[in-house]
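Lettered A, B, C, D, E and F in written order, each chain numbered from 1.
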Amino acid sequence: MIIIITEDTNLGAKSREDGRAFDELRPLKIEAGVLERADGSAYLEFGGNKILVAVYGPKESHIRRFQRPDRAYIRCRYNMAPFSVDDRKRPGPDRRSMEISKVTAEALQPSILLEKYPRALIDIFIEVLEAEGGTRCAGITAASVALADAGIPMKDMVVACASGKVNDQIVLDLSEVEDKEGQADLPVAIMPRSGEITLLQSDGSLNAGEFEKAVDLAVEGCQAISKVQQDALKKRYGE
Amino acid sequence: MNVVPEITRKSITDLINNLERPDSRALDEYREISLETGVISKAEGSARVKIGSSQIIVGTKSQLGSPFPDTPNVGVIMTNSELLPMAAPEFEPGPPDEKSVELARVTDRCIRESQMVDLEKLCLVEGKKVWMIFIDLHILDYDGNLMDAAVLGAVAALLNTRIPKATMVDDEIVIDYENKEPLPIREKALMCTFAKIGEQMVLDPSLAEEEILSARLSIGMTESGNICALQKGGATPLTKEEIMNAVKITEEKTKELMEYLP
Amino acid sequence: MIIIITEDTNLGAKSREDGRAFDELRPLKIEAGVLERADGSAYLEFGGNKILVAVYGPKESHIRRFQRPDRAYIRCRYNMAPFSVDDRKRPGPDRRSMEISKVTAEALQPSILLEKYPRALIDIFIEVLEAEGGTRCAGITAASVALADAGIPMKDMVVACASGKVNDQIVLDLSEVEDKEGQADLPVAIMPRSGEITLLQSDGSLNAGEFEKAVDLAVEGCQAISKVQQDALKKRYGE
Amino acid sequence: MNVVPEITRKSITDLINNLERPDSRALDEYREISLETGVISKAEGSARVKIGSSQIIVGTKSQLGSPFPDTPNVGVIMTNSELLPMAAPEFEPGPPDEKSVELARVTDRCIRESQMVDLEKLCLVEGKKVWMIFIDLHILDYDGNLMDAAVLGAVAALLNTRIPKATMVDDEIVIDYENKEPLPIREKALMCTFAKIGEQMVLDPSLAEEEILSARLSIGMTESGNICALQKGGATPLTKEEIMNAVKITEEKTKELMEYLP
Amino acid sequence: MIIIITEDTNLGAKSREDGRAFDELRPLKIEAGVLERADGSAYLEFGGNKILVAVYGPKESHIRRFQRPDRAYIRCRYNMAPFSVDDRKRPGPDRRSMEISKVTAEALQPSILLEKYPRALIDIFIEVLEAEGGTRCAGITAASVALADAGIPMKDMVVACASGKVNDQIVLDLSEVEDKEGQADLPVAIMPRSGEITLLQSDGSLNAGEFEKAVDLAVEGCQAISKVQQDALKKRYGE
Amino acid sequence: MNVVPEITRKSITDLINNLERPDSRALDEYREISLETGVISKAEGSARVKIGSSQIIVGTKSQLGSPFPDTPNVGVIMTNSELLPMAAPEFEPGPPDEKSVELARVTDRCIRESQMVDLEKLCLVEGKKVWMIFIDLHILDYDGNLMDAAVLGAVAALLNTRIPKATMVDDEIVIDYENKEPLPIREKALMCTFAKIGEQMVLDPSLAEEEILSARLSIGMTESGNICALQKGGATPLTKEEIMNAVKITEEKTKELMEYLP
């Protein structure tokens, strides 16, 4: 069992269990081009999350289901390693990973110029090597970098971040503990140039005012993370 | 995968851009809704819901089981959905695909996060025995907007559910099928789904609209106006204004929907 | 547990648990054309059974297994809803439903003019929404109506009914209790015009004389049900 | 799916309409049958059966398990069949298809409904512990009429089965592998299968006959002449007269078949 | 439980549990052409092992995975009957049978003139009807005979036999008990004309000297078994 | 299935026949190896291994479970491998194929048969409760010679593993997550893999070499030089001399590899 001692004297902006301000992100690190075989790849550490993404394509597919006459098809697979969570996870897809794969593909799709590659398949493989809250957002953020690393033409680089409600406060980027014990979790992905929202889910209880505040906060978080994405690509490819 | 002819797509989009719809509804108007409960005697709770021609039967069953290790003192709700091949020519027999899984999971979240069912009252022996309530969504006819129908049907079925009274007598659980009790229900929640087509967001998309939507937004809301679940779908982004506007409409429309509940 | 009190004074034709005469059917109701998307459909209530059938086709199939060079192929799927029986049934096919799907397809096939549609596929989906004994016969009866509703050309409209042996008596149309506690169950389907038998199974113990009596009784039941099928179509399409 | 040339179909049908068969048998005559028991030492009962060139090995295994909730005081028989890809060029590896499932289930019904095995004697502790007998049909070579071979082999394997003596000693189950006992067998049952080809019903269809049959009828019958299982197959109807005639032949032929049993 | 009493007085060459000399094979019997439908088949009894093998092909395959542009593809399926072992085995492939299927295909492949049949499929189905140690070797040995019986052109007839270490002694052809209680098991397959090794696995602990001795012993065993293979074919087809 | 152009095949083969390799290594030389342990905090033991660009993360997890009936007093090691679709363009999502199963089983045999982990010390209650150690091989990048990388990574992860102290207090198992202990490790073992190309055997085949190899030989060896696992692969035979020579090289190379272990 994990026993977490919270001091009563923590007040105001520093009231979170790990001492972060309400609008403070966990430490974030992104590296592009980390795999040999994949056409593009990225590795991301975000708090205790460790995520690896590989992209293959655009490539020919022999499978009818993965063909569209007028554009490329995105197949996305979000997967957790058996050792990524406290209790060993059985290998293979489950209902949660199926849903995350679907919304992740939908979150990334608006940014990709799919119509350039009719009938082609683009594979996005997201591996959660270690999970500590917020893996779906971290996966989307890393996937965009891997897509760019693969040279897939994009309008913008989608970026994701969650906000939520913990101890009656709207906070940014929930940790695993905050996610479990909090009152709401709201993952958001945006295209940072237009600010448009490509992923939005909500789980928990928020009134309209709190909801709006949470969306705003998550979008701010996304904008901050977007810079780290760009730095990762600059580091690999130069300015 | 249905390919919609470009001409159809354009004509519906033009209509909606002019604030009209193919079936003459207002943009924020539901199709005809019908809801019956208690339609399946062998289920512990059941409902048949129709929105337009979309039709779902929802059945509930209770079963004693073990709680999840991290929540030892609360009962369990399991929501399962079958997009039956009967419901649409493009549905095939087989295990649930991601569309079906999303439908079940969003329905589940709307019910769970609204805390509609007081799950602590479904615990018999902490850490050992709790009631598990299975909600099965049986999709019979697919004419668009399954999300709202699924939540409406599931909530109605839960309100209709009667489970046997279980008591502890000398360390033994006695289940009394002669005395059935309703579930411990608190504040209810329902769901409103919008489709973005052209420049507009329309409520309760029909099949024809769903086939050409660019984005989908489903909002689950409690009677007191709290958002308990929300799911964006589709391959096009939404602006914050579009989303906040949908939230506003949902506040009003959930109230309307609540009136169908038994 | 279900306790059923049977009075000893019940005698003769009225000796069945639910008070029916030995040759009496349970209340039956059939409605054609109940679904929007399906090409044809029918809803049937028979005693406590509630059955819904949808038919799609004849349509093109891309799956080799479902193609025949000289005729249409019938794919039949008998499925029970999880809430249709006392203990929740796990979704998905099991051995029982696989066998029933097979014999149902064989029971219906003789009536359909398959040779009119070489290489085509006809899908028959039977959903048992509530089960109370005799679902396979009810499914066949409803499927014929759905096939007619879909405009599939047929020589005749197959109809099914079970007979059996309960308390040493040959009776028509076993209820769930009679099926469980009885000595034999004999589902029969016929083409009512010719009286030919397209489905015949037997489960339990019958001597040759009892068997013949049971077949005759089931055929009589079929003929009666056939009228209800026709009424359902007349009601939908006029005389 | 085998496509039989029209000329083959016609020539066999013509023969049979003239009351002859491709292999010169009478219409109601079995092919050569051979039956050995005790062929697999590690099985608790086993049999190898051949009808013509159709060949099946049947093995039984016992295991202690829980009874079904609605029949707490009787043992359980589970019949499983594998149409091995070895047995015919058209069989593919994979989970049992509907043909294989039908074979197992009809065999199972014939054995269960004949009440051949006194299942009440296989109950050790009511509601808790009963013997489960697994019957595995391993189809090695498919030359037509698997049904009759499967039932013959399964019955022979059951007659050959020896399970360890189990007794209750101070609330503990003691299983004595040194003392094995036969199963409690009562009246036996076997099965006869007919194929309708042209205007006739022929007994024990060979592969060539099976490929062109229009209907199939399998009748399970006990020693005393009771029909305990019956299954029609195939896409053509049968008349009541055809069925009653088959029942009559079965009465005579089951007796013949019984003589092969150990 | 199986209690095996071993006498302490057993010494030297006769020290094995079943009284065999260290280099002594169990009784072996092979019969070719035992099935009607298969293109080739063989039945083998080896100690308590009973193995049946069927071969189909070379034949056309519609499955892309089973096609090679320049040669025939070998599909091998090693399968144990549920009743072949002490505790009933659940039907269907498991990890062990998948590995054995793979190494068996690789063991047989070098002997077959695959380039004669581009794009064709050769199916080898190995059924273990009863298992008593050494089934993979027995399966390979029987499969060669079945391939020959099917008329598949081969350079040589692969033959397999295991050796191992039991009670600190290198011995030939481990029985089930020796396999379980022994220190090492070493299955070997060879092409007897050249003596080249087509299967080699090892499981247990052997130093280099013991390993070499075990390989030599297994090869000797193979050569002896090879004669029984040839006799089986002679018996069926004449000299 | 990758088809390698004939010209590539020939040029690599010619090089190797001249005792050279595409990447200029000696025939018995490993590519660059890197090994880190403790890379996954939530795993009980973990390692990231790279040989050339092949990359594997190995994680271990412990769990209390029942021993196998025939070995009631020893713990259990379960090795599982996923050839992730991320690792190579030809890998597809889905259950483990035979290549993946072979990798896991050979790794497992090397660890089990070397008796590296003293499994008897992982038994808590004979016949009832033992530690089960899951080793998960997560293949991230496939650049040839997964076998040696898998074994090296698995052994490193086992050395890195800390499981909670479990003790019996009054017939109850108390698991103390505050006090974690290393596994009881004895003599270690590692694996060397050779590819036969042309007339030569080369150590640690790269992807380009693996794609054209005619035979593969993997040898697991303990520190004291005992062969604890061996697996031949590929469709071409090997001579005894080739095998014995590989054993000799392995004796030397395992020592080198051991130095990478923590």
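Here is the rule we go by: a residue touches a chain if its C-beta (ideal position, glycine included) is under 8 Å from a C-beta of that chain, and two chains touch if they have at least 3 such contacts.
As the structure is a prediction and not an experimental result, all values here were calculated from the model.
Novice: State which chains count as neighbours of chain A and simultaneously of chain D.
Specialist: Common contact partners of chain A and chain D, which must touch each of the two, are absent.
Novice: Given the pairs A-B, B-C or C-D, which one repeats the contacts seen at D-E for over half of the pairs?
Specialist: The same interface as D-E is formed by B-C.
Novice: Select the chain at the greatest separation from chain D, using centres from the mean of Cα atoms.
Specialist: A
Novice: How far is the middle of chain E from the middle of chain F, if each middle is the mean of its Cα atoms, in Å?
Specialist: Spacing between the chain centres: roughly 26 Å.
Novice: Taking the mean of the CA coordinates per chain, how far is chain D from chain F in Å?
Specialist: Those two chain centres are 48 Å apart.
Novice: If you average the Cα atoms of chain A and of chain F to get two centres, how far apart are those centres in Å?
Specialist: 32
Novice: Find every residue in chain A that makes contact with two or more other chains and list them.
Specialist: As it turns out, chain A has no residue touching two or more other chains.
Novice: Quick check on chain D: which residues sit in contact with 2+ other chains?
Specialist: If we look for residues of chain D contacting two or more partner chains, we find none.
Novice: Beginning with chain A and moving on to chain B, name the chains as they sit around the ring.
Specialist: A, B, C, D, E, F
Novice: Using the touch definition from the top, list the residues of chain F that touch chain A in their complex.
Specialist: Counting only chain F, the residues touching chain A are 40-43, 46, 53, 55, 57, 59-61, 63, 80, 82, 84-89, 93, 95, 134, 136, 138, 140-143, 177.
Novice: List the residues on chain B that touch chain A in their complex, please.
Specialist: Going through chain B, the ones touching chain A are 1, 3, 70, 96, 98-99, 101-102, 104-105, 109, 113-115, 217, 222, 225-240, 243-244, 247-248, 251.
Novice: For a test of understanding, state which residues of chain C touch chain B in their complex under the given definition.
Specialist: 1, 35-38, 41, 48, 50, 52-54, 56, 59, 77, 79, 81-88, 91-93, 123, 125, 127, 129-132
Novice: If you look only at chain A, which of its residues touch chain B in the complex?
Specialist: 65, 68-69, 95-96, 98-99, 101-103, 106, 109-110, 180, 184, 186, 190-191, 194-208, 211-212, 215-216, 219
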